[in-house]
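Each of the next two complexes has subunit A plus one more chain, namely subunit B in the first and subunit C in the second.
What follows is the complex of A and B.
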């Protein structure tokens, strides 16, 4: 096959006048196509997307490794990311044509031989000294199309590299890192466009979703997430996001937050991309009356022009740092004899949402953690939370704080790190269950006065973090989307911070900060296998088939936001050593 | 010209096997030439830079540098191959540098001469190989003593938190240059340019390789006049001097380039008003 593609490229060059359009086709032919990407979830021979399919279900049809055979699963090889840069490794690898593409901390990308672990090439972005990632120097993964692989860097750039050589093809500035922007999420590719979010929510940036031509890197459209800001299409202003000052006062929409720092998913049936948006800025909610649209929301966006189709705001007028960024996973909800085109999201605010993905209408919202002190539930008619007003951190103007200018502290749960943070859940169409990596913790939180200053943290709040239970913080929970009921749970001493994978082999995989990659029976939650990778796991596992055998891979390397906070949580994690290693497993040959 | 009368004792015996592997059984022109610097690295350099192409050591390729590198991070080197007549490429390299290749210069509409500053890791021969249209490389060089450490030290930019703001900025000036030649006088334009760039070698701990890969000088119509493909050992904030021959009525030179992270470099350099342009337009 490779030889054939080479000859096509030569023919294109010889054709002269045709060379420009033809070479673009040849570039596509040299690697995965848009169709390959759309079908990723159905093709177990590769992993072409973050989420193992654009819908993000993180489900594989492979079942050679199952609850019985997994007991024999062993490592095949491991690869060290090396250097002195062993920080949080939150990446999910991609696999194409016998090559693994995996990103590392500090904006690095590695291409490895999937059979041997031998390095083919490595790209290290030269980062400026002043980068401002809020929560460790992580990267969550790459994207691939044609002859290029793509990833975002901590100085808010999007880089396209030749997948065979690692040479930079183009490098586009997405936003100004000196204003606090960065890029940590994996891009997604939909019909030749590479679509990205941005990071920097704690610095008063304005969130945005952007689509570029994947071949050239030229901008196609932008969609700011905060009401009042103007979108663009093909270099011209398109439409305003929402209505200016409808849910914001004054000019606060110019520094309103809503960063799209976890990227998005795509559903071909409705031709919608789903991006979650971060918390509004600043944290002190008394400074910004109103719902503060579209922060802490899920947005359904038309990938062709960047127009918002619908939105669902999970935490209107957030006051607890409840980002709404979490992945929205499309699935078929089989309920009362009907099939509803639905999507689900386990939110920072502790609620598991099932939403009609054709129109954004709320189907159910049920807590997936033991305490949601801020709200007693959701009104299914209005789609709004029923607030517990006494649990909103009070206005510092009313006094009552430990020092002048501080508001009265309250205890709220979940904590600012959320009932679930960035780590993606998985959905199995075999069991019809969602597998949610949750954490049980709360916080003391109080508001403070704050004014916006470019490039400085824009919080206006102080906080601690506290576990709710002595014996565990992390809890992997299997949730039935029809009822919201928790079918089984696995409790983990340290907070869970890694992604989840489920397979047709009746398995659920996730990693723990204690270093284990663990496998569970998808129906019962019984732990069936574990392996210690030598450092904490905060990455997302994958599986694929190669040469007739099923492989499993996970990145190990402790870090992320958890070790940045002290208090009682630190006791559970302070002794975990850092790392930076890709592990690959399979069954021994009979 | 190199001569054959210098015995090569240990070097030859030591490298014999390796040489045979590297160049196979072929014995192309120049294989029997003796390196005037008797460098232990010559056979490797030859394989790396020249491959199997014929070559000869040739004093007409002049490489000028200080006898001792006062500042190993900024060693000024000038290469002049104009005595050869037409030249297609000039490769500059240093035998003992951990990254030996320094740059590859293509004087498309330019005189075959280039000056630059480079980093030296230790005392070494600095060489320039000029390729003439007959396919033969002509190799000249100079030996430079050095205290060492140029390539493994962090760039000064590493201690400056603001370097990224000025990344890729170009300072340049062009002025007329007149050379006496057998046919009388010939005119060219001397261009000196400096680009702000850390030029990290990747050998300093914790700092990835980050360097300008390509700089192209074009005339006002976009035609390439000269092309520099540079490597890691070129000094931080590279300074190059070349002599190009733009059209007589040219108003500006365009400099474009790119580093290995994909950063685009672009600058326009105004050309001084010249009497000759008036002569051309009124003729």
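What follows is the complex of A and C.
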């Protein structure tokens, strides 16, 4: 800091005539504050957070573009991420002071002039050999505070760059990529702390939420997600997560899973951050009796010290790979004349949960997909699922598998890719509806006769993902959180894999693998606009206001986990070309 | 003869168009005219392939070098990070390459030879079994006697590599009665370190991995022997190699060379050099 100040002072002294532009530069260098970030959802002139507000509602108050005017909306410019490096573009752009910050596949970050699309700078993380990211080389977005933009890389580092120059300010190793860790989620910033989860790592990983000083990158606290593990605060042990061995046998809590790879949301009213946790390890649920807390759960955490306030486990003792990482979106539930401070989560397991965000108490759990074979419902008193035991994948040790050839398959729905995967839903306080990008698929799962891991025999499961219907897999559904009822739905042939945006212009936006950015009437679901971006969309749309006009933007570029799986699903997506492009739209000037 | 001419033509074409097809897996002719055999081995996988003071060492490394030498080729190694399962590894090593680039190898080492597995992976040819892997117990003789069976682990702790057949077996067999005494380690090497430190009384793992970890530093203190394991399945499997599906001619040649090396005792020598027992696969 001191050195930078000196060099600016020298420049000022030498070229006194530049005083005016210098002060403008100084203003730009200041960048957004913690207060700006906290009220991001109310300031349509910028997009400072992943989720368009720390609560993650993905709602904009803008309405210049609405169900009537959108028919005229056209592209303004587009920007190619270039190079040979394409693949899945799952990013959500940020906008600040006329600059768009957008991340691309292979851990790249671009700063673009929001008016013209001209590139200001580009940062390419130098990735080491030997990284093995699960499920494609994606990145979901950046964070911004003051003069720095931040993003995570595939080799599990957190990088802070000067927002005006793209120069590295600090670059911290968050976890060991050689142990299989990576970082693909967008960080969130709460009161000067940059908060991240961990991702990847099939072997011996325990999930954690971590807070660092955004200025220096120094670790402030860590909170492991599996009970029995110790948290830290200011370099010292703080408290244990849960109670050791309360819901795990033996030493399995040391390697229990629960990765927090999708990042989190924050609610200022309750001063809580919400992180979802991944499924437990090992995959064979018969080897780890118990609930396996806090895997496949949502955790409410105090951002000041990393203490867990409450948890809600969406899939206790998971046996289907129902990762619980999905976003928890805070909203006011207006029901029976009362307003409940609530939050909602559409889980991999096919249930839409409404939870009191002050205490973690379940308000309702309703299916948002047509089949949930693993459970018949949730008991609202206990907050637990009513399992269908016959639908739990069998234990390979019980035979029928390795010894006698392939075991008998069971059919479970949703598939492990989930009723909803990573792609974030949106909530509109105008319609009081959630807009959930869902998928209708199940899986045949059986004990594989023989499978191998690193040259050694292994008792694995075989599976085939199967669409439930011939004519569609994806379904964008408007859900009333008061009743759990589906108000409208849009069916899409290929699985939906991109985020959702809703606006006060009575619009809902989402992208499709077929390449279209589409807009729907938020109340009726009628499709009112579409534009083909040239490759599949798996990113999240945004909107903002600049020079008195409303803009919409989306990244296009097919990839993510879907193309990695074959079978029936592949038929719907095999002809989609790769890409890597940011598109920007607005209404033509009258 | 024809093969050689075609091979030369291919090289000439490659020189004229250097930007095309980076390191695509090749047929026998291409490999022979290139003069280099590219071999994929696992990263950090002692005693088969691992870095020791920066140098790549291990039985798979020496075997691949011996094969290349017999063919009059130089050997080049591609180190492979293990993916979730071997079906993924075959894709990354020989038929498609990693999404992160780096191309593919001509031959991958340490590929299990099993009909069902080969049928499932029809984009590769699996051949040339050179080792039969079995499981064994390394024990602290003060805590586990020579004649003890698995029931001893009702009272003594036993180390396993997480999420492996020994893990599943000990956690699930005997009605789950041993589960509380199973100690999980990320690698066999770390489990053996636990044995040395007294954290566990024994380690249950593949024989050659135990031998590799123990023989390297005074392992004689900890005898290694199979332990009768009812219903352990599979209790053994064969290890060979793989090439891309269109590389049948390369597979025949490399397979023949491997047979020669097995017959001449070279494979056994290489295993012995690394302190390992070589078990020839059953034909």
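The working rule: the second predicted complex is superposed on the first by the 536 of 590 C-alpha atoms of A that agree within 3 Å, B and C clash if a C-alpha of one lies under 4 Å from a C-alpha of the other, contacts with A are read in each partner's own complex, and residues count from 1 in each chain.
Rule of thumb we're sticking to: a contact is a pair of C-beta atoms (placed from the backbone, for glycine too) under 8 Å apart; a residue touches a chain by one contact, two chains touch by 3 or more.
Computed from a prediction, not measured in an experiment: that's the story for all the values here.
Touch criterion not met for A:336: it reaches neither subunit B nor subunit C.
Once chain A of one complex is fitted onto chain A of the other, the partner contacts of A:83 are limited to subunit B, with no touch recorded for subunit C. Touch criterion not met for A:575: it reaches neither subunit B nor subunit C.
Looking at the shared chain after the overlay, A:129 reaches both subunit B and subunit C.
Of the two partner chains placed by the overlay, only subunit C lies in contact with A:459; subunit B stays clear of it.
Annotation for subunit A, partner touching more residues between subunit B and subunit C: C. By the touch criterion defined above, A:168 lies against subunit B but remains apart from subunit C after alignment on the C-alpha atoms of chain A. When the shared chain is aligned, subunit B comes close enough to touch A:159, but subunit C does not.
Touched by subunit B in one complex and by subunit C in the other are residues 129-130 of subunit A.
On subunit C, the positions that touch subunit A within their shared complex are 42-45, 48, 79, 81-87, 89, 99-100, 102, 110-112, 114, 116-117, 133, 162-165, 167-169, 171-173, 176, 179-184, 186, 206, 231, 233-234, 237, 239. Across the complex, subunit A is touched by residues 160-161, 163-164, 198, 200, 202, 205-210, 260-263 of subunit B. Those residues of subunit A that touch subunit C in the shared complex are 87, 106, 127, 129-132, 134, 136-137, 178-179, 202-204, 249-252, 254-255, 281-284, 286-287, 289, 395-397, 402-403, 405, 449-460.
Contact residues of subunit A toward subunit B in the complex are 83-85, 124-126, 128-130, 155, 159, 167-171.
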